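Two complexes, one shared chain (chain A), two partners (chain B, chain C).
Entry: the complex of A and B
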């Protein structure tokens, strides 16, 4: 089963796994990950895998770096 | 807002003023007005610090009304930093008071006679201009201490620090916030030096006895105003993200996506981003009893600001913003929020643009004058600039001049103005804006981060060249419009995502001024502002070659995505020359 690094930012910080790593079942996609974490639907606005914008159906692989954000902005 | 106050600093016996009707400038406000006046009245080939240049301070079309978040001030001139036209934009209380006093603009013009410094005082009683040489080389906070009882809670102070007085190409015009502190700055392009060149140190605005401007159609205005506020409150960024974290929530985000320019644009991810992030800042602020959710002016419903307290719980500066945290933080490898907040305070005090200053310090670090990460050294350098030492005057002349003086090739500048906190190689839409904006490198001129990273107003892959020119072009036009209304640029998040909020903005303009604009007219307004600005720059000698990024962005790949800036030159030319 793939081990990923995961960082949940801003208001999602409470969902961070210990040591920033977690093991996910084979073929887990981002939607599945968000559900596993128990994050209420709609709270995640931006999802990145290895620094690239990703969609819900992206399947996670060993060593992936995942970043999840609520809506944030500034400038 | 039916008159323009013109102060001729070259008049016999000291500055004289007159009040003109709007004439051909009727119907313009904010950036549209400053750029129209500069375009029409300032010879494009003049020296920015010479007698022919003018400094124009203009509230927006909706400033001083009950419309939410409408208190921005446009400051225009020919820029000492870029040599092109400039509109620098500031929050704070100044624009609202100026608008309520009835002024569409203040224009400082003419040739300064001698070295005397003057203060301008404006109230419902009228205008006074007085010589005050005791103000020489006072900083903005020293001016606050001296004058806070004069401008008071209902007024505001517009001032220059030591940088503007010394004519440095990095120098701001400061505007006091709701607490009367000089924390809001028309930061970019050296506008403070132009005010200094006119010998005007401070403008004190007394708002006593003034009221909100009255709309032509009060009922329709009230209705539009309500819908506009609902739009801002319901959008997740303007309603939640910005009030909670301020703008600094972007630190972690830009680092995560690999677009955070680290150590003078050497890499796109900063290993210490979390230490200086909005999240860490909020935590620290809470521990020390500081505040968030404050507006920079009355009637702001976004409230991205707050206060930053030092280790002893004493006020140090306002909630430090993303660009500043980046420029003095990640760009210099400094990961100490207290050092960054101190730098922010010093920049405000001396009247320095935090972006330009941070990038200049990053270049000094690249040149080996001090190591990356040296917060204490950076603080000393800002003091050198503020006090005008030999090295300080070089650093205070901006990033481009600093790089040249120190023999550094990798100067991240366009038209002589420092590139802000989004690496153009990994956020390519911003690269197009930096290259093609008549303002020089300026993220606020067309905030492509919205669609590139934030997924606001569309979804355009930040790492691909495709679609970026179109995105930037449309945003630059929208931004020029928003800058003319006096609205805070952050309303754009809600306006881009919610057609009903754009309609509310159009309805605000129509009901206030008795107009019948459509959404298309609003876009056309922005385009005409850009046309004026580009025409001025052409006459000042700018060509298509000036609408380019420095070559190292094409030649050096940026980690972690190993990308360069590959938007074709024809695409850039389409934006600025169509």
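Entry: the complex of A and C
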């Protein structure tokens, strides 16, 4: 099963796994990852894999670096 | 050919001396800066460093948009304003401070809230816009207006310890809508007032925005087009992620479906789905009704879910209110009596509405929201309470 690096930003920081790493089942995509983490729908506004914007259906691979962002709007 | 300093007076030659020696600026670049017209939307946490640094750098014309007045709680981060400006319009306060920073800058005051009706007209006179706003409708509005007029939009946003910076220049890269296709549901994203923001954070992010604006004016370096810079103040780290342009973007895509401004409050869900305090299905009580209940034979349990510092500013303790901050509620549920009606209040009634919903979802039926919160109570029942 792939081991990924995960960083949840800003208000999502509480969902960060210990040491920033987690193991996901084979064929897990980003939508599945968000569900696994228990993040309420709609709270993730941006998803990045290996520094590039990604869609919900992107399947995760060994060593992927995933970033999840909430909307940030303060000024 | 000898450098041409003819466009600068003696004072300016000294003032901009450190720019003149930079190869990327020099007299030609400084002349471009002097001829630049930059619109700063919001004279708050981000707008403060943006306006101050652009003014100090010699941007010839700075437009400042804001409709608010200076509040004491602004001064922890909004360095454009001082204690003597409390209660004044932010635009007037900003104008005075900018002119003090650099009298060679022309400041154009736009004392207004940017809307679909005025945005294109306001933006028309400027080369680019810098976003220091604090709400999503204004961000979408400014993005769309900039796309429609083909002008770069320097984006910045802050939350607690984290900030974002990017440059949206739709001819070359993505726009804000490519990044955030749909606005977040109303009330989901806490404001700076609710979530907090470290005072220096907008200083860092706004200064980066000012730098990007100057680079765009100068045509120097690589602007943050197609890249999002994420600053984490706790880790003190900067990360960059690459942003793809969405070819199906309704505003900047290959075949745009939106070619004019729309109603951005509506787009962000602020009208069709009213904010919690106005929802018809939310049990609410007006301040006057609460006063009568509290004076009656079976007064309700009065629950204050604000933060402790807010309680210190003013509270309804003399009416029997008990403070349980929203974040501690789950742990302290046992302190809420089940046999008495409960009235929940916060600052203006938004956080307390969420608490009322949560308590009702847990089976507590006799729970009401104080409509308009602490501020409405202060307005309608007890004017002696301090406002904030």
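We adopt the following convention: the second predicted complex is superposed on the first by the 72 of 75 C-alpha atoms of A that agree within 3 Å, B and C clash if a C-alpha of one lies under 4 Å from a C-alpha of the other, contacts with A are read in each partner's own complex, and residues count from 1 in each chain.
Criterion: contacts are C-beta pairs under 8 Å (C-beta built on N, C-alpha and C of every residue); 3 or more make two chains touch, one makes a residue touch a chain.
Model, not experiment: these values are computed from the prediction.
Engineer: Which partner does A:10 contact after superposing on A: first (chain B), second (chain C), both, neither?
Structural biologist: Once the two structures are laid over each other on A, A:10 reaches both partners.
Engineer: Examine A:52 and indicate which partner it touches, taking first as chain B and second as chain C; both and neither are also allowed.
Structural biologist: A:52: touches chain B and chain C.
Engineer: Between chain B (first) and chain C (second), which does A:18 come into contact with in this model arrangement: first, second, both, or neither?
Structural biologist: Once the two structures are laid over each other on A, A:18 reaches no partner at all.
Engineer: Report for A:41: first if it touches chain B alone, second if chain C alone, otherwise both or neither.
Structural biologist: Neither partner.
Engineer: Please work out whether A:70 is in contact with chain B alone, chain C alone, both, or neither, and reply first, second, both or neither.
Structural biologist: both
Engineer: Report, in rising order, the residues of chain A that make contact with chain B in one complex and with chain C in the other.
Structural biologist: Common to the two interfaces on chain A: residues 9-11, 45-46, 48, 51-53, 67, 69-75.
Engineer: Which stretch or stretches of chain C touch chain A in the complex?
Structural biologist: Where chain C meets chain A, its residues are 42, 44-47, 131-136, 139, 156-160, 162-164, 179-180, 183-185, 188-192, 195, 197, 202, 228, 230, 232, 239-244.
Engineer: List the residues on chain B that touch chain A in their complex, please.
Structural biologist: 236-238, 240-242, 244-250, 252-253, 256-258, 269, 278-279, 304, 321-323, 443-444, 447, 449-450, 453-456, 459, 461-463, 489-490, 493, 560-561
Engineer: Spell out the residues on chain A that touch chain C in their complex, using ranges where they run on.
Structural biologist: 9-11, 42-43, 45-46, 48, 51-53, 67, 69-75
Engineer: Touching chain B in the complex: which residues of chain A?
Structural biologist: Contact set of chain A toward chain B: 7, 9-11, 13, 45-46, 48, 50-53, 67, 69-75.
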